[in-house]
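The first chain written gets the first letter, and so on, giving A, B, C and D; residue counts start at 1 in each chain.
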Amino acid sequence: MDELEIDAVAEADLDEPVLVEGLPGVGHVGKLAVDHLLEELEGESTLVRRIYSREFPPQVSVEDGVADLTCAEIYAVSPPDGRDLLLLTGDHQAQTNAGHYVLTSAFLDVAEEFGASEVYALGGVPTGELIEEYAVVGAVSEASLREPLEDAGVEFRENEPAGGIVGVSGLLLGLGERRGFEAACLMGETSGYLVDPKSARAVLEVLETTLAFELDYESLDERADEMEDVIGKIQEMEQQQQGMDVPTDDDLRYIG
Amino acid sequence: MDELEIDAVAEADLDEPVLVEGLPGVGHVGKLAVDHLLEELEGESTLVRRIYSREFPPQVSVEDGVADLTCAEIYAVSPPDGRDLLLLTGDHQAQTNAGHYVLTSAFLDVAEEFGASEVYALGGVPTGELIEEYAVVGAVSEASLREPLEDAGVEFRENEPAGGIVGVSGLLLGLGERRGFEAACLMGETSGYLVDPKSARAVLEVLETTLAFELDYESLDERADEMEDVIGKIQEMEQQQQGMDVPTDDDLRYIG
Amino acid sequence: MDELEIDAVAEADLDEPVLVEGLPGVGHVGKLAVDHLLEELEGESTLVRRIYSREFPPQVSVEDGVADLTCAEIYAVSPPDGRDLLLLTGDHQAQTNAGHYVLTSAFLDVAEEFGASEVYALGGVPTGELIEEYAVVGAVSEASLREPLEDAGVEFRENEPAGGIVGVSGLLLGLGERRGFEAACLMGETSGYLVDPKSARAVLEVLETTLAFELDYESLDERADEMEDVIGKIQEMEQQQQGMDVPTDDDLRYIG
Amino acid sequence: MDELEIDAVAEADLDEPVLVEGLPGVGHVGKLAVDHLLEELEGESTLVRRIYSREFPPQVSVEDGVADLTCAEIYAVSPPDGRDLLLLTGDHQAQTNAGHYVLTSAFLDVAEEFGASEVYALGGVPTGELIEEYAVVGAVSEASLREPLEDAGVEFRENEPAGGIVGVSGLLLGLGERRGFEAACLMGETSGYLVDPKSARAVLEVLETTLAFELDYESLDERADEMEDVIGKIQEMEQQQQGMDVPTDDDLRYIG
C-alpha cells in the first residue's frame, strides 16, 4: 500500500459544494455534527471517496464480525434545500505530525476535484467546566469571512483558542488558505470531559443559517438527554465529595 | 539495506495455499499456534522466504553465540492431508504505525507470489480473567466467510473485539480485502496475562476443521500443563491476598 | 503540501547581509532579541520569505479569529547604520530530530540566495539560578571567529555549553560550516525558568558592536521590569518557604 | 543536507583491515576501548571518513568555543605489529530504529571501500552487579568464528545476551553477515551502572590476541583507578544503608 490511496467509490455531480469536516476531537463535537448531518440527509447522500493512508492507525474496526480498514470517508450530498455538501467523516486522526499535513492535503484534493472552494471544519473548544449556554467560537482563513459568521451568531474572540487549532481542522484553514479555499472553523464550547451532543447542535444551527438548510434534531437531542443523565450523576457525586479531596486530572477522564 | 528486503531462500510448488500468520501478540496465541504447526509438520515444510526490514527493531537474536538478524519467515508446507499452507512466523512486530502497513503489504506480496488467495491471521483476544472454556472469536474480510467458520465453532459477536484489531493481523484483513484476498482472523480468548497454549489449541482446532488436516497436541498440551502450574500458584497467592489490597495493573504483568 | 515550501513574499536587494536567527528556546532569549530587532527596525524591514514545512506542528495560530499556518519568517532589513540583515523568526521549532536538519538547510538556502555568508544564531544558556550579571557565552564554526567576538565581550569557556547546542541554533553552526558560512552562536546566560528580556538585551548589545548599529531598548526594558516583578514575587514565596520542602522540578516550570 | 553524507577526509592504503566499532553503549565499554586504541596508536592513525546523518541528534558539540557537528569518524591505522585497522568512533547512536539500519549500512560501505571483510563490534553486557572477574561474552555472525575467539578467552553462552544485541553493534553482525562480512561482537561484562575501563581492558586483551598487537594500558588503568574510588564510595554508602530501604531504579542511575 502506498502512503495514500484514494478509492473512487462513486461519482456525483455537485454544484459548488461546501466541504464540511467532522473527524474525532474535543467532545467529539465535529464528528457528532457531521454524523448527524449524514443521518438526516441519508436519502440524498452518496459515498464518493474513501481515503486510506499509512498515517492512520494500522487497524480494522469490526462490526458483526466483518472488518473494515481504517479510512476517512467523503459523502456527496444534494439536500432538497440549501447548498450541496461534501461531508468528511472517519474514526481516526493521523498518528504523526506530518500525517496531518498529508491527510489534509488529500482531503483538499478531493474537495477541489468536486468543485468545492469553501470549507467548514467542525470541532469543539474545551472550557474545563460544564456548559449552560453553548457558544460557538469561530476562526477563519481570511478576515472577510468573519462578518457573515458573526451574523449567524458565531463569536470571534481576541485570543481564542489560545493554543491555536491543531490537527486536520487547523490545517484545513492553514493549507486551505494557501490553496485558495475560503475556510472557517466552527468550534462549539464543551467541557472537554464528555461527548457533547448539545455542543454539536449549536454548531449545526450555525450551519443551518449559513448554508440555508433545515435539520431535525430529535435523535441528537435524545443522545443529549442520555448525556444529561450522566452529567446529573457526576454532579451528584461531586456534591457528595464536597469537603473531600478535589478531583485530580485522572478523575476527569473522557466519558461518552 | 533498503526499507524492505525479501530473501528467496528456496522455492516450492504449492496448490492454492492458505497463508497462516502467527506473529507475537496477546497471549502469544498466534505465534504458539503457528510454531506448533511448524513443529508438527516439520517433515513437510520448507523455509521459502525471509523478510528483513528497517521497520523491525534494529536487533539480532543470539543462540549459542551465533547472531541472527530480526526477520519474519515464511514456510511452505504440503501436509499429507489437507490444504497446502504458507506459515508466517517471527519474533517481532513492526515498530511504527506505518511499518505495519509496509510489512503486511510485503507478506501479501509473498502470498500472491505462491498463488495464495486465502489468509488466516491467528491471535488472542484478552478477556481480563482466567478462561475455563476457550471460545474462538472471529472476524472476516467479507460477510460470506462467516458461515463456514461458524460451522467450525467460531463465534461472531456484535461488538467484539471492541477496539478493532490492531497490527499485522488486522491489516491482513484490511489490506487483504483491498487486494482480493479472502481473509479471516481467528482470536482465541485468553486472559491476556499469560502465554496461553490452551487458547492456541482452540484456534488450531478450528483450522483442523476448515483446512481438513489433523494435528497431534502432545507438546502443546505439555506446555499448557506447565502454564496450569503457574496459574495454580497465582490463584493460591490470590486467595492468600483475600481481604488485602486488590491487585494493580502492575501485578498483572505478562507472565510466560 | 510538500515536505517543505518556501513562499517568496517579496524580494530585496541586500549588501552581504548577515542572517540572525531567533527561534523559540531557553528563556526565549533568541526570539525576544530578534523580535526586538524587528520592532526597532520596522521601517527598514520587509518580509521576504515564509517557510512552511510538515516538520512544524500541524497547527494554525489564531489572532482576532483569523488563522495563520505555522511557519518561519525571514525579513530583509537595511538599517540606516550597520550591516544589512536577514532576520529569521517564528513560533515553533521542528518536531523531529530529522526535521531540524531539514529546516536549517532551508534557512541556509534562503540566506545563500540573498548573498549572506555570515550567521548569528541567538539563544540562551541555562544556569539554573537567577542572574545578576548577564554574560554572553559564544560558540563559533571556526576558531578564527573567536577573537572579534571576545573583543565585543563574548565569553568562550572550555567546556560550555556542556551538552553542546541542540536544534536549529546548533545546526546553523554545524551545517553552516559545512556549506562555507561563518557562523557564531551567542547565548545569553539565563536562569532557564523565566522568559528573560535582560538576557536578550545582553545578546543584542554584542550585535550592536559587531554589526555596528545602535538600538533603543525602552520596550525591552519595560518587559524586563515586568519580569522583575514576577521574580520579586517568586523570591518572596521562596523566603516564606524556608525551612520547608525544597522546590521540585515541577515547581520550577517555565514562567513567562 | 541529505539523509547521509560521507566526507572523504583522507585516503589510506590498508592491507585487509579489520573494522573495529566502539560507539557509546552499556558502560561505555566499546567507546572506551576504541578511544584507547586511537590514543595508543595515534602516530599510526589517519582520520579517513566522517559520516554525517539526519539520524544523529541535531546537535553540535562545543570545545573551547568551537562547534563540531555530530558525526561518526573512521580512522585508518597501520600498527607496527598486527593487522591493519579501521577504527569507528563517535559520541552518538542513531535516534530512531530505522536510523540504526541506515548508519550501519553506511559504516559497512566504508569498510568495504577500504577492503575490510572482518568486523569487531565492541560493547558491554550488563550484569546488574559489580564485577570481580571481567569475562568477555561473544556473539558471531557465523558458527565457524567461535573457535578462534574461544581460544582467545571469549565465552559463548547458551542464552546470552538474553535480549539479543540492539543497535549498531547488533546490526554489524546482522547486516554484515548478509553482505559477506565475518563479524564478531565482543561484550565485556560490566555492572551497567558505571563507565567501566576495566571491562574495556578485558575486551582489548582479546583483540590483542586475535589481531596480534600489543597495547600499553597505563592511561586506561588510571581511569579504572578513578572509577574504583567511585565504587568504593558507593559500597560504603550501601553498607550504611543496610537495614534501610533497598535502592530503587532511580538510585542506580548511570555514573561515569
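Assume a contact is a pair of C-beta atoms (placed from the backbone, for glycine too) under 8 Å apart; a residue touches a chain by one contact, two chains touch by 3 or more.
Values in this document were obtained by computation on a predicted structure and should not be read as measured data.
Chemist: Taking shared residue numbers divided by all residue numbers at the interface, is the value for chain A and chain B over half (same) or under half (different)?
Modeler: Copies use mostly different positions to touch.
Chemist: Centre-to-centre on C-alpha atoms, which chain is most distant from chain C?
Modeler: B
Chemist: Distance-wise, how many Å sit between the C-alpha centres of chain A and chain D, to the nearest whole number?
Modeler: 53
Chemist: Whole-Å distance, chain B centre to chain D centre, using C-alpha means?
Modeler: 37
Chemist: By residue number and range, which residues of chain A touch two or more other chains?
Modeler: If we look for residues of chain A contacting two or more partner chains, we find none.
Chemist: Please list each pair of chains that are touching.
Modeler: Every pair of chains in contact is listed here: A-B, A-C, B-D, C-D.
Chemist: Mind pulling up the chain B residues that touch chain D in the complex?
Modeler: Chain B residues touching chain D: 1, 3, 52, 54-70, 95-96.
Chemist: Once bound in the complex, which stretches of chain A touch chain C?
Modeler: Residue positions touching the partner: 94, 97-98, 100-102, 104-105, 138-143, 146, 156-161, 164-168, 170-171, 173-175, 177-178, 183, 185.
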